[in-house]
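Structures given as structure tokens follow.
Shared chain: subunit A. Partners: subunit B in the first complex, subunit C in the second.
Then we have the complex of A and B:
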């Protein structure tokens, strides 16, 4: 099977980015939208075709990684070689399908949502850039190529968050996202350098194969009590944690909701933020075989983040922020699943994590697009200004309900299957983490239905403009994504994407499934009691817990802690003395040299009077003095 | 010819020194460009006196000093031509030959 056409999947969005970016202003806005969407449709079809071919043409027992395209880009030395290429394996092919599907939905949706915006063409060129870099990230054959596209993803995220650049809050959010993820990427880069220094390769196939340099001869050097491989893997995870907004690097994601809603759906819910999960999954054999300690770190970080974000999500009023924290929480699930996973026949967690990534992409994109549809109708982000919308927006209502049921894990929707697998994997590995994730499942159901009831039920308020259902370009993606959310759980994932490419035996655990559905139902009932009809109970609970409520509402003051650390400690005690040293000592030395020169030239410049006879006088007297001096010395 | 006996070399040197410094003084204190040029000519002639005198008194059988004196005269003529051309241009530009008024090129 020849897969060289997959190069088009990468090139096409890049060309679209250049084309729409360069001459988008010259053509009609609608045309650039149609162009971008058509281009993406082609890419999506190509990706589906690739996935179909890859998963049906299996040679031998296991799925093999295929290098569809490879060329030598940089050769520094014999060993330090950087290739650019396209790697097809179950993981990357699965990601291709997810990314192109969600991206296509977002492209179609943006035609309606962004209609009449000033930067319509600009948004399509940036969306194409994002699609290109995100696809490049998953198709990368080596960690260095991945890093390049990783940074490109960061750039396009920055551009899209700051899309409304005349709004100061959007600019601040874009900067925050870029700086936080860039800070994390510093760790990623150092991790890459350490790893490749000890293994002499960047290539994923070599790094993750059983007899490759990373696993067969792990580096034995020890630094501060941990092996260098563990350090490298932890630093690489730091990059992943930054992109995937794991605690404590999560602060950028809620602010990133300043971008247009379709962008939030595409980047900050479905595709970009799971890059960290993808990264860990990609390097999973190294994590598993050489540094189980870092897998434990990943498990705890993921578990903590999911609980932490779920608690915050229960108090937020901005519907996009609720969804942002819900994303954090769900990515925490994926990280937990990777952290508890074994290899081969015990690789349930790995499979469950990617399964959840797969289903989450659809239902979270659906939630965001539904929220966008609501925001489009009500012109507000706050759920306090919504209510009773179900009779105005029937399609949005139904699809949103499906998405909420899916994320809550109600069978037989897709979220149930993937979350159940994660809980099973967690149960087998670590009971405490399982308990936390079980609790989070209940919280998830609670805050999602709080959102749902507040938007679509609650009070029948009066609106200035009667809200109306969104145009077809917005509702069609909603319906398609709802279908995907319902049925993606039936994909035989355990046969397709596993740690070693071999099918995995999974079984249904009623022991786990029944309690997890039960707690979800409890969460839904609880939120229905509080929010189904407008009543004073939520306020009274909030007031009775006022201290804790305020604390949680302000996201545990993590942002304030960061501000305190940066402004009051780093700026005050490091930057300011260094700046003082620079301004007074370094600049002072230079100024002293300059000022001395200026002073003396000022004193003697009058000699250059323009009077020729004075010059002769100086010259003659100088010559005479020299003569006298020589005579005297002799 | 028995000049050596009557006029010693020292006299020649004293004469040329006096002429040289008269010329130098003229260059330094005279404000008129033409007068300054005359001072320069005096200085050149003082040098000529030295050349000829040293040649005559110290190496009477050789001619280099005489030749140098001739070359200096030729150079002086050329230099005078250039200097006068410059002075004419200065006069056209500034409508004066007073050197104190020609002081544009300064700090």
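Then we have the complex of A and C:
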């Protein structure tokens, strides 16, 4: 099977970015939208075609990785070479489908949502860049190519978050997102440097193969009690944690809501934030075989983040922020699943993690686009300014309800299946983590239905403009994504995406499925009691817990801690003294040398008076002095 | 005739042409034609170089020609180029070309201005093709001296002070350098025989270790001052702040590269053992430069100061990588010189253009420029992204080659220093995005700005040239990297086989 046509998947969005970016503002705005969307449609079709070919043409027992395309981009040393290439394996092909599907929905949706905006063409150009870099990331054949596209994803998200660049909050959010992820990327880069120093390769095939330099001969050097491989893998995970917004690098994600809503959907659902999960999954054999310690770290970080974010989500009022924290929480699930996973026949966690990534992409995109539809209608992000919208926006209402049920894990919707697998994997590995994740499942149901009831039920308030259902370009993606959310759970994932390419045996655990559905139902009932009709109960609960409530509402004040570190420590305590030191000490020394010279020349210039008498006087007295000196010395 | 001589001849003819021209319009036209011809010829030279290599010429230096100039001291006019010099010549030609168009609006004494500017460029071209230490030094001085006039006459702010400071500090460097070069000269024939300034000849002899250790600091610091080596970098912020646009462009873009080039080609290549012995001192100094310059840039408010400190950081990385003394890191250093040359020239060009419109360089006095001058603002963002090392632009290629190369060093000290230097990628992002956020984005702070006009044709030509060069290197780095790497294999062997 020849897969060289997959090159188009990467090239087309890049060319669209250049084309729309350069001459987009000279053509009709609508045209650039049509162009971008058509381009993406082509890519989506190609991706589905690739996926179909790849998964149906299995040679031998297991799925093999195929290098569809390879091109030498930059050579560092004989062994360390950056290739730009395309790697097809179950993981990347699955991601291809997810990314193109969600991106296509977002492209179509944006045609309606962004209509009439000033930067319509610009948004399509950035969306194309984003798609290109995101696809390049998952198709990368080597870790450095991944890093390249990783950085491009970072910058395209910077551009997209800061889309409304005249709004100071958007500018600040974009800057924050970029710098926080850049800081994490520093870890990623150093991790790559360490890993490549010991293995002498960037290539994924070599790195993750059983007899490759990373796994067969792991470096034995030890630094501060941990092997260097563990350090490298932890640093690489730091990069992943930054992009996936794991605690404590999560602070950029809620603010990233400043971008247009379709962009938020793109960043949060299918694409940017799951990059960290993808990274760990891609390097999973190294994690598993050479540094199980770092897998434990990943598990605890994931578990903590999912609980932490779920708690915050219960208090937020901005509907997009609730969804942002819910994303954090769900990615925590994926990380937990990777952390508890084994390899081969014990690789349930790995499979479950990617399964959840797959289903989550659809229902989270649906939630964001639904929220966008609501915001489009009411012109506000705050749930306190919404209510009773079900009669105005029937399609948005039904699709949003489906998404909420899916994320809550109600069978037979897709979220149930993937979350259940994660809980099973966690249960087999670590009971405490299982307990936390089980609790988070209940919290998830609670805060999602709090959102749902507040938007669509609650009070029947009066609106300035009567809200109305969004145009077809927005509702059609909602319907399609709802269909995907319902049915994507039936994809035979355990046959397709596993640690070693072989099908995985899974079985249904009623012991775990029943309690997990039960706690979700409890969560829904609770939120129905509080929010189904407008009543003073939520208020009174918040007041009775005022201390804790404020603490949680302000996201545990972690932003403030960061602000303190960056502003007071880096700016005031490092940068400012450095600038002062440079001006006054380093430069001061130079000026001192200059001034000393000037001073002395000022002092001795009088000797050059031009009076011959004085010169004779200097001459004779000098000569006399010398004679005396010689006489004295002798 | 040696084609390299054209690199000196074209500017010379241009200078004569300018001297004969009447009125500002003609002066501009002649300069533009001359420097376009020079740029075109730089590409022809690249082509000729490839052609010669393809015919199987494996000499280290191509197009070598030598004429005895001063018999008694054995000073020759010896010219020749390898891949490194060819790429530096390309850089110089591009920056000079862009510089001419960026100073299109210089009205006062335009004739003298363009003459000085082109003489400066000639010095740089001469430096890069020289294979004789004496003529190298001569061209070096030829590039530094017009700087004094250019800043002192056409500068802004405390221009006399800045011009004096810059010239004196660079002259101080020259003084050290002269001692170093003479030291090399007098030790160039340790076994008897004729003393020589010829670079390729000296490379073949073994200079006694004691002499190497004594003269290496002179030569390295002498060139290092020009390459903004900490703590001898303070001429850079003041000098740039007062210099007119094109001078800043040429100075930061090209002249500072003479420092790095000289450090490698002269100090390290000719005094390899001393370089090994003493590298650690300079690695520490340059690691400081990299981080310190970046932190220094965060606190600045004047656009030119920000860029000057950023240059200290980026040029520190050049010397840092050279001192790692392996092929990859050194390739990275040369790439970084080119990349930094292009983007800093672009920055200074843009700063000049913005200053010409808003009459201030203080970032807190401006805001929301994206709305009113979108072209210049977008180019500024691109320059910023190149500076913070975005893949697809030249900065990334250079920095990553440096980091990967330096980290290949077997010694832990070098790898730790590399990690320290790596951290600059975050700090750079902080100061770049800070400037972009305050200067370009956000609401418009001053209603006068609504009447600003976006770039004119010559400004577009100047910036687009530089942006294209940055993007071409960033998207297809392999050809440039191969061009630079090819002579290095041999030179590095010389450095490491002691």
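The working rule: the second predicted complex is superposed on the first by the 583 of 634 C-alpha atoms of A that agree within 3 Å, B and C clash if a C-alpha of one lies under 4 Å from a C-alpha of the other, contacts with A are read in each partner's own complex, and residues count from 1 in each chain.
Rule of thumb we're sticking to: a contact is a pair of C-beta atoms (placed from the backbone, for glycine too) under 8 Å apart; a residue touches a chain by one contact, two chains touch by 3 or more.
Predicted, not measured: the structure shown is a model, and the values here were computed from it.
Student: Identify which of subunit B and subunit C touches the larger number of residues of subunit A.
Tutor: After superposition, C is the partner touching more of subunit A.
Student: Examine A:197 and indicate which partner it touches, taking first as subunit B and second as subunit C; both and neither are also allowed.
Tutor: second
Student: Name the contact category of A:590: first (subunit B only), second (subunit C only), both, or neither.
Tutor: A:590 sits against subunit C, while subunit B stays out of touch.
Student: Look at A:617 in the shared chain and tell me whether it touches subunit B only, subunit C only, both, or neither; answer first, second, both or neither.
Tutor: A:617 contacts subunit B only, not subunit C.
Student: Pick one for A:186: touches subunit B only (first), subunit C only (second), both, or neither.
Tutor: It touches subunit C, and subunit B stays clear.
Student: Quick check for you: in the superposed arrangement, does A:42 touch first (subunit B), second (subunit C), both or neither?
Tutor: A:42 contacts neither subunit B nor subunit C.
Student: Looking at the overlay, does A:609 come into contact with subunit B only (first), subunit C only (second), both, or neither?
Tutor: first
Student: Taking the complex as given, what residues does subunit A use to touch subunit C?
Tutor: On the subunit A side, the touching residues are 72-77, 80, 144, 147-149, 151-152, 155, 158, 162, 165-168, 171-172, 175, 178-179, 182-183, 185-186, 189-190, 193-194, 196-197, 570-571, 574-576, 578-579, 582, 586-587, 589-590, 594.
Student: Which residues of subunit A touch subunit B in their complex?
Tutor: So the residues of subunit A in touch with subunit B come to 605-606, 608-613, 616-617, 620.
Student: What residues on subunit B touch subunit A, complex-wise?
Tutor: Residues 24, 27-29, 31, 36, 99-100, 102-107.
Student: So in the complex, the part of subunit C that touches subunit A is made up of which residues?
Tutor: 165, 168-169, 230-231, 233-235, 237-238, 292, 295-296, 298-300, 309, 327-328, 368, 370-371, 385, 388-392, 396-397, 400-401, 403-405, 407-408, 415, 418-419, 422-423, 425-426, 429-430, 433-434, 437, 440-443, 477-478, 481-482, 485
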